[in-house]
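First chain A sits with chain B, and in the next complex the same chain sits with chain C.
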Partner chain A sequence: MAMSGRIAPSQANPAQPGASLRLRRLANHLGLFLVLLVLWETGSRLGWLDPLFYPRPSAILRSFWLVYFENANIWWHLYVSLGLVLAGFTAGSILGVGLGAVVGLNPLVRRYLQPYVIVLEATPRIAVAPLLIAALGFGAQSKIAIIMLVCFFAPFINTLSGVMNVPAEKLELFRSLRATKWQTLRKLVLPDAVPVIMAGERLALTAALSGVLVAEFIQRDQGIGSLILVYTRNLNMASAFACIFTLTIIGFGIFKGMELLDRWIAFWKHQDGRERVSAARARAHAEEA
Partner chain B sequence: MTAAQADAEPRRAAPTVVAGDAIVKTFANGSVTALDRASFDIPKGAFVSLVGPSGCGKSTLLRLIAGLIAPSQGAAIVHGREVTGPRPDIAMMFQKATLLEWRTSLENVLLPTELSGTVTKADRARALDLLNLVGLKDFAFAFPAQLSGGMQQRVALARLLQTGADILLLDEPFGALDEFTREHLNLELLRIVGEFGATTIFVTHNINEAIFLSDQVFVMTPRPGKIAKIVDINLPRPRTLAMQLTPEFNALAEDVRATLGAL
Partner chain C sequence: MKMLRMMAATTALATALVPLALSAQDLTEVRMINPLPRSTNFFPLVVGEALGYFEEEGVKVDLLPSDTSIPYVAFLQNGQADLAMLDPFETINALDAGAEINTVFEVMQNAPEGIGVPAGSSVQSMADLVGTTVGLVSDRDRAFLQAAMAAEGVSIDDVKTVVLGEAGPTLAAAMRDGNVSAIAGAAPDWIVLIANGIDTRLITPQSLLASPANTFSMAVSEIEAKREAVTGFLRAWCKGMHVATVNRDAVAEMLRQTVPEEWEIEEAGQLYLDMSIGMNVSVTEQCGQPQADVWTAIQPRMVESGGIAAARDVATFLNDSFIAAINDFDRAEVEAEAAAWFEANK
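What follows is the complex of A and B.
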């Protein structure tokens, strides 16, 4: 392979490593990971780590097989938990964005609401969870309410600051062009706030995943959170780890998914997005002509 | 204006389109006078520069004419009517390009049309012509972040012309650009506003730039901001960069500088 010829340019420009360097780094990462796994496995087998609390990687792998295929019991719990996450996140973030926009655009509302927002923000949201259960009873409603609560603030605060921080000179431009309030909102304020709102949504969805676990730890009837509790109580740590690593993968998926969504919606903030949309607009224009 | 006055001042034969009638603007409950009794007549098609140091009220005067702020006393009169708010025959360009980052050049130029009604095929064609006019034919579908500072101001200039206004107010439009780009864009600006026959009011703190571009220079002085002197610039048009080296040009610059220095 002519790989060695690629080394020179990659050294000249360390920000964009060449293919061979990337491959080597990946191999290093994988190697290190394998070494850690082997250390864990042997440590557990030799009794350095208590296998009761730190199950061997091979045991965890076996549990993955069990919970997903042999018993196939995790699917239902995943379905329940992710359904709650989706419902709570959607409701919480719509409420957050909506209220954020209303409060941000309305100085009078802002003045009277601000103290409450500050107090609520300073209160740990999870502390309110038992109260919500007491008020709404056991069941899906109170779980969704807890998720809404943890999902609400990031979109709320970000939307609020997004609509309030539109550059003054752009507002002046719209005024000089005699834009109506509605036009200014739709064509300037909201699009200008989109990137910061998206950042809020990203935080909210990550919080939703923690929210559902807290809700299920308190009401342990079903869902991935209650499954983790059941396994740890039965000292079936390998299966508990399988659940936790499942959540890791979901969390990573959420992170990547939101990143993709951001690149799609707030395309102008990313070079590849600008180039893609710019080319698409030019093509559309050429087809029309 | 009576016929006798018009005869007495043959250079002002064109009808007045922008006038100031003792405009006063105070801030902070009258304790700060930003502009003190500004009176002037600007004939149709003239290029006027407002020049002076920071705090002399030049931007305030521009915003008063644009209808973005209201005078404390007196009035700005445009096309014979008192200015009470932003109006379609006046358009403004700012020091920052103020382009919308999520819109292409073409979509940015079309913004004024979009805000005042629906965009027709003819509007799009006109916007493309204007982009061509400002030298951005190949960048109609680029986003602002893909353009240099000078190119962004060209888009802003095309957007200014897309409004169809015949009075153009420019607030240090090229002030944030480097010297070479600025000189180049100034020449382009003269060509373009000449082509459109627009009346132009241009704010700058650069004396040479003001003289080079203008038919009249309003020399403004601070505390309180006022028009200290109106200097007529009788240099022939079209202007060339070489004119800046002539004794006539230097004499005019000396006149402006002396007015500013006599504070």
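What follows is the complex of A and C.
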């Protein structure tokens, strides 16, 4: 039931490749990427690719220079959009994780609340967005609400799944040790659910990027979504692509960042994390001694 | 010592911020809902802001650019917007739906809407479109297509319509590849196509060209409460409009600086500005004057096309009580200020 995306938190730890192997793999990726760019550029120059839809990579590169340095008009829009992403993601996560935990821990709440949450998820957000704007008014609040709606479900469902799937024998052990409900939650349920929750958070943060675009396509005052609209409306596809690739790079960075955060928070699920924390604790003990 | 320095810095910052906060408080917010963010299309706003006319009038402009799926008039009614940019169909239909609004200013007195076909198309008139598929840039354009078809004795039911959306590539591909026989859209759509080498010819019936479009409407209940601020807003808008008639180069430079995304391709920016000046500069003697005779003349056509249910007495919704005050400014002074700005910024 948990949504873990393509990359599930690693339960087993595969052997880490050596530095030279990692470099070789990176070089292969870069090489493949360059070949694709050359093919794209050649295809565009030879007229195989429709310039209306696929501007030349060289033109996109020039647009990167324009929007970031010469005109420098992307910075403000990026700042606005990323601020909204952060606010919407935080609100959606708090709501998703909080509600997921409550629903997971309380069968009565689960029975009555879960169907509504699933119905909410099934409702297309793009259709609800204009209504949200009408209800909440113009400005950041309605955009944040849209993003929150978009990224709420993954943390909710993953928290629910994590909380409900704690191994029965561990629960039995805590019961036999006469652990209180709070101790069980703090020492067993939450730590056990954290890796699954983190997988949900990873999906939520990348979904928040799509959410901000939906919000800015409707409420077009500022933000990277409104900038993309201006560029596509004016058929300036190279600059539109520069904005879109910016979002792709940010999305990739966010995903990788969340992976690192996951390794840091749920350190006990990864060998290197366990080693790192063990070493830190050993140092602390040694200093105390 | 460190603490002392921090306190001094905080005091200095607070002292610097107080006048800013006070001056921000002195400005009255005017919230305007329209389809576009700051754009060449509505250059009077950009020019007015560049020359500080809105602030001079004590107005802070809060632009609420939104997709046309949003019912603009609802935002006048619930008080979230002070001015809404509506076309004649939206105005009459809103009045029919019970919205108590007045049209106080005509932003564009020549309809920017039109019906375009590829330059080499055999289609010469609306009648030639019968039995074909016509693309709409947005749902808003359906009413205009209806009126255009009716103006030449055919019906919108005689064609199949498809909403193409505002994305340039979709419109360009549809026009270039002949996926649709014509597109109902607005002037900026044609400019973008022409600037990108896709020649387009307009077949808009002549009778529809002289039609107010993009008017400013206000909720009747807010007119007196907001009169001063809206007067200031409209006067600043008119000053911006006036600059384009005397110093086009200054306007182009202001737009280059404010909306560089529309000017990355200089030729496209220039074309866009030319078209926008043609649409924005009022044809009436007074800037933004609501034209009762034009509204009276266009309504029967709107009824005939099925776009509105019945014609309305224009006296019930056209309100020209702002016009004298907003046109009361020194044109020579505006010209001098625009010239000085250009000299300092070119």
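Quick note on the criterion: the second predicted complex is superposed on the first by the 252 of 289 C-alpha atoms of A that agree within 3 Å, B and C clash if a C-alpha of one lies under 4 Å from a C-alpha of the other, contacts with A are read in each partner's own complex, and residues count from 1 in each chain.
Just so it is clear, contacts are C-beta pairs under 8 Å (C-beta built on N, C-alpha and C of every residue); 3 or more make two chains touch, one makes a residue touch a chain.
In this text, all values refer to a predicted model and were calculated from it rather than measured experimentally.
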Superposition on chain A - do chain B and chain C clash or fit: fit
Which of chain B and chain C A:231 touches, first, second, both or neither: second
Partner chain in contact with A:175 - chain B first, chain C second, else both or neither: first
Partner chain(s) touched by A:285 [first = chain B, second = chain C, both, neither]: first
Which superposed partner A:28 touches (first chain B, second chain C, both, neither): neither
Partner chain in contact with A:114 - chain B first, chain C second, else both or neither: neither
Closest Cα approach, chain C to chain B, once both complexes are overlaid on chain A (Å): 40
Footprint of chain B on chain A - complex, ascending: 167, 169-170, 172-179, 183, 187-188, 191-192, 194, 267-269, 271, 274-275, 277-279, 281-282, 285
In the complex with chain A, residue positions of chain B that touch it: 66-68, 85-88, 90-92, 94, 96, 98, 100-102, 104, 106-107, 111-112, 114-116, 140-143, 145-146, 163
Complex contact set, residues of chain A against chain C: 50, 52-53, 63, 66-67, 71, 73, 130, 133-134, 137-138, 217-222, 226-227, 229-237, 239
Parts of chain C lying in touch with chain A, wherever the complex brings them together: 31, 33, 35-37, 39, 63-67, 69-71, 74-75, 78, 80-81, 166-169, 172-173, 176, 188, 192-193, 195-196, 259-262, 264-265, 268
